[in-house]
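Mind having a look at this structure? Questions to follow.
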Amino acid sequence: MTTMATTWILSAQCESRLGSVDVLTRFLKEQHCYITEVSSFDDYRAGQFFIRAAFRPEATGDFDPSAFEADFQERASAFNMTFELTPASKRVKTIIMVSKADHCLNDLLYRHRTGQLPLDIQAIVSNHPDLEPLAQWHGLPYYHFPVTAGTKSSQEAKIRQVIEETEAELVVLARYMQVLSPAMCNLLTGRAINIHHSLLPGFRGARPYHQAYEKGVKMVGATAHYINDDLDEGPIIAQGIEPVDHAHYPEDLVIKGRDIECLTLARAIQLHIERRVFMHSGRTVILKH
Amino acid sequence: MTTMATTWILSAQCESRLGSVDVLTRFLKEQHCYITEVSSFDDYRAGQFFIRAAFRPEATGDFDPSAFEADFQERASAFNMTFELTPASKRVKTIIMVSKADHCLNDLLYRHRTGQLPLDIQAIVSNHPDLEPLAQWHGLPYYHFPVTAGTKSSQEAKIRQVIEETEAELVVLARYMQVLSPAMCNLLTGRAINIHHSLLPGFRGARPYHQAYEKGVKMVGATAHYINDDLDEGPIIAQGIEPVDHAHYPEDLVIKGRDIECLTLARAIQLHIERRVFMHSGRTVILKH
Amino acid sequence: MTTMATTWILSAQCESRLGSVDVLTRFLKEQHCYITEVSSFDDYRAGQFFIRAAFRPEATGDFDPSAFEADFQERASAFNMTFELTPASKRVKTIIMVSKADHCLNDLLYRHRTGQLPLDIQAIVSNHPDLEPLAQWHGLPYYHFPVTAGTKSSQEAKIRQVIEETEAELVVLARYMQVLSPAMCNLLTGRAINIHHSLLPGFRGARPYHQAYEKGVKMVGATAHYINDDLDEGPIIAQGIEPVDHAHYPEDLVIKGRDIECLTLARAIQLHIERRVFMHSGRTVILKH
Amino acid sequence: MTTMATTWILSAQCESRLGSVDVLTRFLKEQHCYITEVSSFDDYRAGQFFIRAAFRPEATGDFDPSAFEADFQERASAFNMTFELTPASKRVKTIIMVSKADHCLNDLLYRHRTGQLPLDIQAIVSNHPDLEPLAQWHGLPYYHFPVTAGTKSSQEAKIRQVIEETEAELVVLARYMQVLSPAMCNLLTGRAINIHHSLLPGFRGARPYHQAYEKGVKMVGATAHYINDDLDEGPIIAQGIEPVDHAHYPEDLVIKGRDIECLTLARAIQLHIERRVFMHSGRTVILKH
């Protein structure tokens, strides 16, 4: 897992076809790049191929990512392969959206501050003022955009503006309790991660812990997923669970669930920024080492 | 957890009321019974009280359970308390119902044969002939009652007959792939345990692993529950999970899920026969040590 | 698990003897106390009995804990029973000791600030100055007592003074990297909890993650235990694990282990302050609901 | 995970060197083999490279593994790369060794009978006669070689003979309670898997569950590892755990541990026969999808 500053990630996707690995690995060899980790997956039902390689340039002289991309584009085109080149050490420009619950935000800011999650947090956006002191202690800008039925659209415009001005590549909904508009969801496809406090598809929608209590389940969970325009239905990245019992009233489940929400969201973000997550047919492919 | 042959279980339930513990523990003291384990739960939302005590008679002379029950009945009546007295070592008369999948049956028969689950298996009942050799090796009667649209009702009558003739106290649906009639469900209320191969309430109904694959979940699970007349909706006793990923096709999930189905079903049966499971408002209370 | 302000905990321990439950439950009944939760354990090998009851006084008039204790002492004496009465909502006066690693401290302060752990943190004590800003943000006193070979004894005296002046009932060693003297360990018997970053008894002593890497284990863990005068050998309260693989170098294990250290330590503290933990023969008995 | 009959596995290992992936993936491309799954690991501390590819020959005409191996040998030699080519569907010739405990054997025979583990079990070897009926029901030869201080060496010779005559590629010690001689261990290096009933390195040697009880741990585990000439110290393949508490006496831990022993051993065998396990410096590298 340890990756040095000089490591790069090349991830790619195309239809299943003979040579789909070779086109990438041969190029890396020719470019004098040592592959420290490669993994691929072939979805035989969908006829789709996914690959991710971490590599270290070994040629003398500087590594020129633009030239690398241009040269590889030629090869990739023959496979209709889409690809992405990223420095492994890149800190991802991120907006975190919250409401009143602070556990996920607190956890993410801790991981951010200690370098455990290589995020470059640009701003905290909230429909409530409550978490501003936490943001301040971490020295981060906090935007309070209260949402009412009448202002939803204009407030979303402000959020969009923050995203655009900061050039945020990732939006994390860390218990943001407002439903985003379809337009907003579409804008953020593949770059907005939400944490839902149930093991989806169980207990979609509001107050999942109360639903879980009523049902009498023996496990509660959390689901981190990309958002799409169908509420709580985007591609799942990570899920976590905690055993519970009859003695956990809804208010206990809320508390009990916090840890697993934090861990599940952090794990999903980690996978995302390590460029391990691919999407296809409403599902994710996650290439781990 | 170790209980000797001379240990008894007294479990009881009533409305929450001052003295609900004392009525039982004082009686046990007066009867010279040493309590090796007691646990209780008070459901403050439902106003219901649950208690379970394991005890060892220490008086000289034999322990007379009938006299014990009669004497305790007087005290319990003042609390409208229902109770049950059972020897801890009692092997529970059980019918196991199966279809074609044999993993749960194989697992239960192993635990039965080695004494790990104190079941007194009376018969295996199936709508298919496939698993008869397995039953035979274990020296157990096997009833093959094929079910068609036209024979469903008459076949259920035969099952009922087996249950009655064997005086079975417990019916285990170990991947029995037929929906029981409401009448049958009512007959078996509180004494029939089903294993469903999903983490309910997610993926109710048919082919849950295929549903799980389509949804792209990162965990599959199993749920052991008492049956009631609402398919896959009875009170949950135990749930188990296994992490999965994109590389698990539906057929892989089916295989992957087997272990967790076996473990979850066995755990639920264990809790049931140790008289740890109480029911209320469609949920279970499970008093563990 | 939900306990209201008016709930009390009575926990007790004695040799196994007929009536050991009744002596406590009958008294609670006589005092018009409604038991919301009781659980007991009888260790048949050690001949020891443990019980914990949560109860709610229902008599008119105020509950007088001193009178309760005095009255119960008479009954308990006949059983050589030791006992403790505590309000369930009591915030426990606590000192947290740290060195440079901040993950456990950060986690505990979050749980403290949000009321999840009912601690009344009196001070943070450290042999390093690094974590003072974190303490300050939470408005907590921070004592920096640097330790060298020559000052160890005098610094421990200062720590003892802080404990005495604050009347701390609990000392949490949240990755405090100094070995305490036997005298200090004895002073803190039963009221100091340490988190060790391995699954004891595996990898005692220094750099357990490096030891784990060398051994090639597939799981790393953490152990929260009471300290005693034998390093990393006190009674275990809680353990947690995380699966790892060959790709986790020692420095990755250090990072990976942080979450499980935080969770395991927090769980142990929770069990301790809920008065669920008993000690006997170098082991713990933990009475859960 | 689903692999069709025509899928092959090519696994290889060499010192870290530019082109170590390319040498293999380019060859597969040239041989018209479609890679359905590839994963590699570079151990930067040891300077070692590991790779595993699953592939499907797509050329017209039969796939000739001997020609493939001969041709690839030339390329591999330039990297001092050792490699192995195996049909994914190959059933591995296996000997299972047992003593009296039958849970792991029962579990393996079930997975064998249902095709879940592609083993070709040649014989069951035991130092006790107890498990012969189980072997017989599965139609498998059973060799009873009782071991005494005086006969140990001659009995091992008989075991060696069985291994040689059956051409067994894998020996599974499914709770075989005899220590093998160093000579035997050396003979079986890399092809004998043992299950030890503790989370190594904790509780090596005899009666680990009793050791665990004395220590008061809150988790028990099992470790599947390759054997070497240092008892319970070979490279670890898989580990599993189960939470336990004070109420588990040693005899309960023995029972509780059975499930996790079965699952851990089965998982290790699965990883081994899928050619995912590599060894280096006393540790394993396990290339999962």
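Quick notes
Order of writing sets the labels: A, B, C and D. Residues in every chain begin at 1.
As a convention for this text, a residue touches a chain if its C-beta (ideal position, glycine included) is under 8 Å from a C-beta of that chain, and two chains touch if they have at least 3 such contacts.
Which protein is which chain? UniProt says A, B, C, D = Formyltetrahydrofolate deformylase.
Only a predicted model underlies this, so the values are computations on that prediction, with no experimental measurement involved.
Interface residue usage between chain A and chain D, two copies of one sequence, is largely shared: over half of the residue numbers at the contact are used by both copies.
Distance from chain D peaks, on a Cα-centroid basis, for C.
If you average the Cα atoms of chain C and of chain D, the two centres end up 41 Å apart. Centre-to-centre spacing of chain B and chain D amounts to 36 Å, using the average Cα coordinate of each chain. Multi-chain contact residues of chain C (touching two or more other chains): 2, 37, 41, 44, 245, 247, 249, 288-289. The residues of chain C lying in touch with chain A in their complex are 1-2, 37, 102-103, 106, 110, 114, 116, 137, 245, 247-249, 251-252, 255, 258-259, 263, 289. Touching chain A in their complex are the following residues of chain D: 2, 16-22, 25-26, 28-29, 32-42, 44, 51, 53, 58, 288-289.
Contacts from chain C toward chain D in the complex involve residues 41, 43-45, 199-203, 215-219, 221, 235-239, 241, 245-247, 249, 282-286, 288.
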